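Next come two complexes built around chain A: one with chain B, the other with chain C.
Then we have the complex of A and B:
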């Protein structure tokens, strides 16, 4: 158990081990053998490595110890958690015509969700989709559990989550808005698991928002999402991450793209959630693939926001473009780690990556590490990272027109974020994000 | 309206303004000329409250108030406007949103309610027309990618929108083509009234043919070394500054000879 947090998180570690052993001894889980085998492999991995300490390179700047110290329960109450409608409403993008899907503590809630009367769209609790061909074909196929401690424990122990399949040639006319709500009375460790499969020449927009109910209890949420974007398919995917200080998120997203597909991820996070670790890995495993990753993190208080991304160019003639912008207030800590791999086969790759940070708080910290590993010779790649303060010339210009300090700052912050927000193709979502920036600046 | 007495100011320990006096009354137009580096833009910066400019002596009263006490934004809200020699580009801030914010901040300071959307649009249209300012420019990000001349025109467009009491134009004419110069001048003349005043910093007589000043001052080495009427500008155009430099040296040297 080297490189592991041993003492403090011992209790959660032992509990996960115990949970697994209990689970495998009670043979009433009617899971297919393949899944059981996968769970077993993941469990052995987790048993060996546990939760990562800062000695693990990918966790160097993110010390989990303070976030794992409570006694967490891992069992969810079996009763359906009552949810206030107003909370769900608040998380929705105002004025946007969409299908609503609600997930509470990782459990899909048809009673709170819209029926989706669209041919070729299949939405189930993940637990009910285990027998489906798409599940069998894709589940657990793309996530490297040997390198991702949290994905391993999630694979070993997940109970439920969302399964969404969009069949070949299906074009979803309206965005799907998924509200992930977390509410717990006791300190809880949750491990939702999701699988999204977008078929050949299909197209969809999925907007996922994360909110927490204001409770005294801490929740540690270990999400894993696997996403398959089929040949010639298009997926516009949004993450809008909010929450309170009681919430800690590990959010692993594994995207697998086939030839001529487009995957765009727009991610925005706001002050609140005390720990937010996003792993976003995209594999471009076909020719003519396009991927855009846009991120905006407005961080405040003592928040720790850590964005790790991997863009893996495996085949020729693909394009990726990544832009992450951070606004760091107060005593927030930010981590950006972006890896681009261009493999030997991936000739004619265009890969760009940029991370810019605007430091507002004197005690705010950012560690930005762009990494480029290129094994092909005919490629165009660039990366860069900046850390800066307000442009004083611009500040003076605004003030010289009568604009006070607070408004001037807000204007410049919106302007800084604009490079990301302008990329959002849905005006309602853009307005919603701008509103959240506004609120985030005040908090 | 504006009364500057024995103003001394330095930047990074270096004294730039060395005892400057100037009186501006409502309705007046003052031109300030002078060689490069003499302190014209520094004067504008000090009046608008730019940081790093340290006032070491003298006073500046604006409508009886101690201007140097006020923050840059409050000076603007009191009615001072500077058309910058080098306007900055601010990508991501839309011109229109910026103007509306500025207008409402100034209104709030004067205890007026925010401007109504319709009224704002009307004002925009009116001033755009006055300065023949391209609508597409007005809708773009603040000065981003504007040509030199477009930036200068945008400064005057902002001036027209905000209607300050005292406007300082720092070399607004440089970079403007002949037609733009005429349009901008016409705009300024229309905005001129018995209640407001202009300080026009320029190197060229040409602008003063269009905007006729009541007074012309020569700023040299941090002081106003000569004041006169518009004829002085013609004289400068002809003779340059050397004759004044010698004069100035004499006046500054004199005391030590006595």
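Then we have the complex of A and C:
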């Protein structure tokens, strides 16, 4: 276990091991053999590798030691958690006509969610969907547990999550708003697991927001979402990540795209959560696929925000475009790693990636690592990465027009973020994010 | 595009022009690496006790290390015990003029197209030729001596200027830096030593031609260049090596030290034997190069043209410690057949107002794999640090690869860092335009590649630029679209 944190997180490590062993020995779960086999494989993997240390290249800049040292419990009864309606309301995009779905501590709560009277749309707790063909076909198929320590733990230990299937040729009329709420009285290590399958020629918009209930206890939430976008399908996917200092998020999203599909991901994160690590992996496994990844991270306090993305071009004639912008306040640390792979057969690929960082805090830190790995020759690929601060000329211009220092800064930050926010096609969401930026700047 | 395929074939069958072996009696140490061998080398070179001690310390450290695994290629296993660590031409006389030099040696240089005599006359270049491990000819020494410039072989410097060597050796690249630096520190064969005194602008380009010759003796040069306050030096390094079947390890260390207001310009043209079409038998070029801008307003500039070696693995770096100091890195790396290049630079910004500029151009053809790996690190005290990085990759043929791994770490909010990378192939419209002007595809490609690399080639001193351009043209001869 050379490359793992051993000492400090030892207790959590052994607890996860014990937890798994207890569960697999009790045999009271009616899980199909394939799922048990997958869990076992993931468990063995995790047992071998444990939690990653900074010696693992993908965790070079993110030291987990301070985030794993509490005494966590690995189980949480969620059905009974009383949820304040106001908190859910706050997480919703104001004025947006949508279906509401509430997930508490990784468990779908029909009692708090809207009924979706839409033909061809199936929404279940993941645990209730295990027998479905879509689950059997797609679950665990795309995530490489041998390289993702946390995806391995999740696969071994997950209990529940959200299952969403949109049948072929179904167009979801209204956006689906999923509010992920976390509330715990004890330090908790959670493993929610989600699967979203969008069928052939189907289309949907999903807005996922993350909030935590103010509590003394620390929560470490290790989400894994697997998303399949079928042929000719379209998925607009939003992540709005907020939370308090007690919250630590690891979110692994694995997207698998078939021919002629479109997947757009819009991600915005704000000050609060002490650790935020997003892995967003997109596999373009069909011709004429389009993927757009937009990210905005506004970080403050001692926050550590780490965005890792992989865009894997496997087939010819695909396009990808990635733009991540970060505003670093106070003593925040930002990490960006974007990988673009262009496989040998993926000729005529266009792949672009950009990461810009605006450094506000004197002690803010940025570690950016854009990365290209290209094995085909007839391609156009580029990446860019910048770290900088306010343009002094722009500041001067604004001041000379009688705009105060603070206001001028806010204007320039909004202008900086605009490159990302303008890409958001729903005006209500755009306004909501601008509002969150405003609040984030004040905090 | 059948022409492409034909041309690709042409490129891959282009034989290495400089493959030949010179027959000179060698004084060779037995294969293997242990304290006795290190003592043997040290004794052969008549070294002082402190140097032997530091060699042994490095050796002990080396034996504890494992091979790194982070690189972006398969590193073939290297048996360090199967290498002979010392080889010296037997006739170890000091020469004052070229007439005294072994004619066979001179003929070797003649074949390389760099006759000492001609260089001496035409370019005014002082040449310190390292033939395998021991310097055999040093020219222009007298002229440099008048200015107080010390330009000699490393072993000579150990004998004659031990205080300078002791003061600076291993201060930029300590033996603990990496496994090859440790190996080098233990078994240093020879190398070059340059000291430019205060306020002196070295009147000529200093140049050393390295050449690996004896079978199975990797070369472990050590180059140490010190530019004292307000001085300037331009140093050239160029290499060719004979054709051979066994892989040869080349693990050199280059240390540059620039004090207040000093400037060092270091240029490399590397054309070692890249192996045959299957990649068999080429040189492993694992070099640690690092410079430090110790004083204010110091400047260090690396320029490299890498066309040879089976594996090129190096990151010439600059530590920008002095305020207002600047570092530059210009690189062209060309890989074809099964060649691998994993190269780039590291810029450590420590002082205030430090600037760095990185221009890297990779060209991959055949099955070549080309990686740029770079680090730009801005320390918390590096107020107003500035970096600009551009790395472009050109792909020729669909079997090759181009990869970019830049690391940007900024701990200061006044710093400005820009990184930009592109990957593409030569535009068909560009080729078409040139074709249509009566220039055939082959020439068009050479023209485009040369234009593409121009920004780097322009940084080379005149004589070198010509050689480098020729080298690119030869390497891409009959090249492609």
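Following the convention adopted for this analysis, the second predicted complex is superposed on the first by the 441 of 443 C-alpha atoms of A that agree within 3 Å, B and C clash if a C-alpha of one lies under 4 Å from a C-alpha of the other, contacts with A are read in each partner's own complex, and residues count from 1 in each chain.
The rule we apply is simple: contacts are C-beta pairs under 8 Å (C-beta built on N, C-alpha and C of every residue); 3 or more make two chains touch, one makes a residue touch a chain.
What you see is a predicted model, and the numbers here were worked out from it, not measured in a lab.
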item: Partner chain in contact with A:387 - chain B first, chain C second, else both or neither; value: second
item: More chain A residues in contact [chain B versus chain C]; value: C
item: Contacts of A:416 with chain B and chain C, given as first, second, both or neither; value: first
item: Partner chain(s) touched by A:26 [first = chain B, second = chain C, both, neither]; value: neither
item: Which of chain B and chain C A:407 touches, first, second, both or neither; value: first
item: Touched partner set for A:115, first chain B, second chain C, both or neither; value: neither
item: Which of chain B and chain C A:86 touches, first, second, both or neither; value: neither
item: Which superposed partner A:399 touches (first chain B, second chain C, both, neither); value: first
item: Partner chain A, residues of chain B touching it in the complex; value: 48-51, 71-73, 75-77, 81-82, 84, 87-88, 90-93, 97-98, 101-102, 105-106, 109, 141, 158, 162
item: Chain A to chain C touching residues, read off their complex; value: 57, 61, 328, 344, 347, 357, 359-389
item: Of all residues in chain C, those that touch chain A in their complex; value: 70, 378, 380, 393, 395-425
item: For the chain A and chain B complex, residues of the former touching the latter; value: 391-394, 396-405, 407-408, 411-412, 414-419
